[in-house]
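What follows is a set of structures to go through.
Look for chain A in each of the two complexes below; its partner is chain B in the first and chain C in the second.
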Partner chain A sequence: MSFKEYLINNFENILAKYNFQNLEERRTTFKEFEKEGLPNLKNEDWKYTPINFLYNNDFELIANPQLDITSFTKKKSNSYIPENSNIFTFCNGIFAENESINLGDVKLEINDDIFNNISDNFPDGQMKASLNNDIFYKINQSLAPKSNKINIVSNSNPTTIILAASGETSNSFVNSKLHISVDKNVETSIFIYYLNTNQKKVFINQLLEFEIKENAQVKIYMIENDDNYLINNISLQQLKDSNLQFHIFSLRGNFIRNFIRNSLDATGIQSVIYGLYLPNGNDIIDNHILMTHNKPNCHSNQQLKGIMQDKSRGIFNGKILVQKDAQKTDAYQSNKNILVTKDASIYTKPALEIYADDVKCSHGATSGFLQEEELFYLTSRGIGVEESKSLLLKAFANEIIEKVTEENLKLWLQKEIEILI
Partner chain B sequence: MAEQENNLIEKLTQSEYKYGFVTDIEQEYSPIGLNEEIIKFISEKKKEPKFMLDWRLRAYNHWKTMKEPNWQKVKYPPIDYQSIYYYAAPKNSSKPKNLDEIDPEIRDTYNKLGIPLEEQKLLAGIAVDAVMDSISVATTFKDKLAEVGIIFCSISEAIQEHPDLIKKYLGSVVPYTDNYFAALNAAVFSDGSFVYIPKGTRCPMELSTYFRINASQTGQFERTLIIADEGSYVSYLEGCTAPMRDENQLHAAVVELFAHENAEIKYSTVQNWYPGDKEGKGGIYNFVTKRGICDGDNSKISWTQVETGSAITWKYPSCILKGNNSTGEFYSVAMTNNYQQADTGTKMIHLGDNTHSRIVSKGISAGFSDNSYRGLVKINKKANNTRNYTQCDSLLIGDKCGAHTFPYIEVENNTAIVEHEATTSKISDEAIFYLNQRGITTEDAVGMIVNGYAREVIMQLPMEFAVEAQKLLQISLEGSVG
Partner chain C sequence: MSLLKIQNLKANINGNKILHGINLEINPGEVHAIMGPNGSGKTTLASVLAGNKQYIVTDGTIEFDSKNLLEMETEIRSREGLFLAFQYPVEIPGVTNINFLRVALNEHRKYKGLEPYEPAEFLKLMREKAKIVEIDPKFFSRAVNEGFSGGEKKRNEIFQMAMLEPKLAILDETDSGLDIDALRIVADGVNALKNKNNSFLVITHYQRLLNYIVPDFVHILYKGKIVKSGTKELAMELEERGYDWIKDELS
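Right, the complex of A and B next:
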């Protein structure tokens, strides 16, 4: 049975079994999925990203928490969690209170208001369409159990968010929706982990929303470090004079797709995305970014680097969209890749779409391999070939890791990279 | 200052299209519309052998199953393919024996366009094939070229006289199944140029074709095929103009280049179809499929284009780098003004080892226009030690235009080095100020800066064309100071 058939056959059962609300809206959205089916390579957004793992479905949708505490604790301790951190754990899309710590600067709100999305406020049509046409977004909208909202209200301790997925006996398919808003003038950092506490495979279909309000200073560290199948739709909205640093590390995972849509909806915004992806084995890691400048005087920068090992495949698709009003925009984008092995591949599409004239926009993309000269330099100084290679790769990755200002996280990342390269 | 700028923009965007006249000659048309009968009519008119008709009909039947593409970043109202004349030809044009026999009106037309049809202009040293509407009206220097074994003639002539070459090469680079407009072209193309350069020959002069759309309500579908046999070299130029009309006319050409071992083909285009008036009314839809294959080792194909005309330009001159050590180049200046739209770029498909490609694209948009670069660099799994360098810059003049870049980079081999960089900006105030200070008016300064900006590409053109291209840019651009 294909994944689509599985969902269609079981849709009504699932709604009843987990006592979902907003049934009519869910059904309408699901109909659209039924009509369109899963995306294939003819879909421009999925041109290089085959979702073979869904052709023969062996996932079962699970929407109640079944946290395996032993496995969870172990994985949690392997992750980097800063001291004095608020911890919010969600298991299969549902808040797990026992595994969470609220130090008091975060408000949590859980309701059934699934269909109230931040993307409704996006002023730009292309942004909206890009999300609304995303099939996995539709699936998420029809099958996410609850709308979880986290509101960071004061200059707080860091917040760690653990999005866990589990199931007891079967491979689990999890839909989860989380909205994070950071209030005016708040300076904070947010750590996000995806953990698989199942003994088997999990497929997480995540919808993440960030609302960065006026003059908020936010650092987000998203660490994808577990063997998951992960589809991650991230909507961001930034308001006046806000400053965002978004770090995204795709270290492990069989299939990862991140689609970041960032809407810069006021003046004076700074927005930076740093990304590092290290697929190996048969992994596929796909990073899509749509950065939309709607208002003047904003600055955005995207820097992504990838090291493709074994038979893995990397995909980068980044677009800077500058609207007519957005004069005095500075927008940059760079994507650099190294293919380590013969069977690795990279598909990159850095695009610019610009409708304002007083702008400075540029992008660059490179793909290369380890240079003979550099290797020779190191080997001639008595360093082994393998070691030289790994030294060079680490140096390549380090450029992105260096951007992390949290010293301990930097050390933790460097240790992880040590294992991976 | 702002007002002054507006005036300048006004002035610039009003500069006239020089080639907008209509030649009053008797024309012969096919019945309007498209069906099998029309294709048979065209094929019969051209006295084509049976295999050509079969090929056309196959293409037509395939075309009927295809859908018009819609992924491009240009917008146009749906084209009614049944309201176009697919064949229009100046009457009495039963192949003139020599240039004196050409209808004086036609000769005048080409003279007005500044094209040296007549042999007295021998000093210009360019062999010309002139194509008006659907058919080739004159080819110069044929005999001289024949002495060294070069075949340069209209494609209909080649179909009759060199059917073996046609059978072997026509559709080998751009098969009729390739895309919607290539299929349409294969079904109805009426003329074009054919060039064959024999082994080890260096073509002694520049070859060139001038395309002219004259009749109204027609579509022009020409087909160019250039074959460079082992170790040969040819440089080929193409120029295009059309009258000013309120209707939109379709130009769907196919160009195929085939380079054997050690051969080199240099293909230059100065495209100046009528771009429509300043409200965006009329103009040519330029939907062209151009592709070259570097089939043999060490071969080279180089595309150079200066695109200033057409209401819509939509084309991707491409190179398939199949032979080892082969090289592909693409140099482009695309300038859009008023309501013009351009979606152009290239594809470099690396299949052989040690293949190199270089892309330099310069976009300039002014007025209300949209200018996109769309390119593909694909490194095949088996292609080792390949190298690509891409640079595409966009210049925005005025705040109502758009400039876009959509590069696709697919790398499947880890020995490849692929680099891409792109920038978008306006002409810096500092640069203008610097020139102003030295007594150069803002308008001239912009012209200077744009010419400097496009120089890298224009330098690739043969001399005569480079001068023309520079002038064209100046005319299309005059005064659009941002």
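Right, the complex of A and C next:
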């Protein structure tokens, strides 16, 4: 049975079993999925991102999880969690109160209102369409159990979000929806982890929304560091004079697809995305970015780097879209890649689409093997070949790690990189 | 016993024959200069000695400190005491000088069965050696050669040489692109490191550098062969009469 057949055959049972609400909307959305099916390589957005892991389905949708506390505690302790952090844990899309700590900076709201989406506010048609046409977004909208909302209202403590997936005896398929809003003038850091606490495989289909309000100063550290199959649809909206640093580290994972859509909807916004992806084995890691400038005088910058080892594959597809009102836009994008072996691959496609006439935009992409001249230089000083390669790769990765201002996280990342490279 | 003994060395790059049978012997404590016009094979010789795999050795032998150099990987040659100061030192973004040298020196020490340096001890050593080529310790935390001027890169090569203390240092056109002050600093550095046990092979196009680093022997390389050997007077003569003199003499 294919994944599609599994979902179609079980859709009504799932709705009934878990007592999902908004049935009519869910059914309407699901019909669209039924009609279109899973994306294939003919779909431009999935051209280089094969989802072979779904051809023969062995996942089961589970929305009433029993969190395996032993496994959860172990994985949590292997993650970097800052001191004095609020912790919000969700297991299979459902809030896990026992594993959460609210120090009073955060308001939590859980309801059935899953069809109220931040993308409804996106002023730009292309942006909306990009999300609304995403099949996994539709699946998420049909099958996410709850609408979880976190509202960060003060800037005293960081917030850690743990999106755990559990499943007892089967490979579990998880749909999860989380909306995070940061209030006006709040300065905060948010740490996000995806943990597999199942003994078996998990496939997480995540919808994450961020609403960064006026003059909020936000750092998001997204750390993908577990053996998941992860589809991560990330919608962001930034308001006037807000400042966002979005760090995304894809360290481990069998399959990761991040699609970051950021809508800069007012003036004076700063938005930076730093990304590092390190697939090995047969991993596939895909980063799609759509950065939309809708208003004047905003600055955006995307810097992503990848190191592809073994037979792994990296995909980068990033676009800066500058609407005609967005004069004096200052937007940059860079994607640099190193292939460690001849069996590794990278598909990179930077793009600009500009409708305003007074803007500064640039983009660039590089990919290649380690430079023979650099390796020769290092070995000529007595450093062995493997050690030389490792030095060069770590230096390459370090440029992105250095952007992290949280010193302890930086050290934690460097330790992880030591293991991975 | 000689430190380096090259016999009938022939080498190619990309199918082009560059070296046509080089013979050269260097004893401990000696400074040899190799001079020659552009394209004579000077850099090829340096690259073959350092183990650059782009160059294919087709014939001949090289003994280094009584061992077969051609059988050694590049890093082993370095650990055995061979050093090449590059004509065009490579920039290595993201790798700091201090980290680079610490890894390199500790690999050398491991090879000799010694413990790695303590961080403080290592830093002290770096500071001492930096003085020799007038390198500011601020350089230590900068990426290797990144954004360095031509002169700074060459000084950094000599600094690395000072740190690694090789038995044989090959200076490949270290004088090219240096102004007179930088040239003096580099030459003074080399002279300060010279002793009766180590040897230098100075490869240069011009005689200028040899006013500062005085060679015991001068060899003229032309079309992949050493066509004339002599003492430092040969370099003077070459400076005066130009390479055409050699070409005419040979034709």
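Methods note: the second predicted complex is superposed on the first by the 421 of 421 C-alpha atoms of A that agree within 3 Å, B and C clash if a C-alpha of one lies under 4 Å from a C-alpha of the other, contacts with A are read in each partner's own complex, and residues count from 1 in each chain.
Methods note: a residue touches a chain if its C-beta (ideal position, glycine included) is under 8 Å from a C-beta of that chain, and two chains touch if they have at least 3 such contacts.
None of the values given here were measured: they were computed from a predicted structure.
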Partners on chain A (chain B, chain C) - clash or fit: fit
Partner chain(s) touched by A:Leu391 [first = chain B, second = chain C, both, neither]: second
Touched partner set for A:Lys74, first chain B, second chain C, both or neither: neither
Chain A: partner with more touched residues, chain B or chain C: B
Partner chain(s) touched by A:Lys107 [first = chain B, second = chain C, both, neither]: neither
Vertex chain A, arms to chain B and chain C (CA centres, degrees, nearest 10): 70
Partner chain in contact with A:Leu378 - chain B first, chain C second, else both or neither: second
Which superposed partner A:Pro350 touches (first chain B, second chain C, both, neither): first
First (chain B), second (chain C), both or neither touched by A:Lys342: first
Partner chain(s) touched by A:Lys17 [first = chain B, second = chain C, both, neither]: neither
Minimum C-alpha separation between chain B and chain C after superposing on chain A, in Å: 12
Touching both chain B and chain C, residues of chain A: none
Chain C-touching residues of chain A, taken from the complex the two chains share: 371-374, 376-385, 387-388, 391-392, 394-396, 398-399
Touching residues (chain side chain C, partner chain A) in the complex: 50-54, 73-75, 77-79, 83-84, 86, 89-90, 92-95, 99-101, 103-105, 107-108, 111, 143, 160, 164
Chain B - residues contacting chain A, complex: 71, 381, 394, 396-426, 482
Residue ranges of chain A in contact with chain B within the complex: 44, 48, 324, 327, 337, 339-342, 344-369
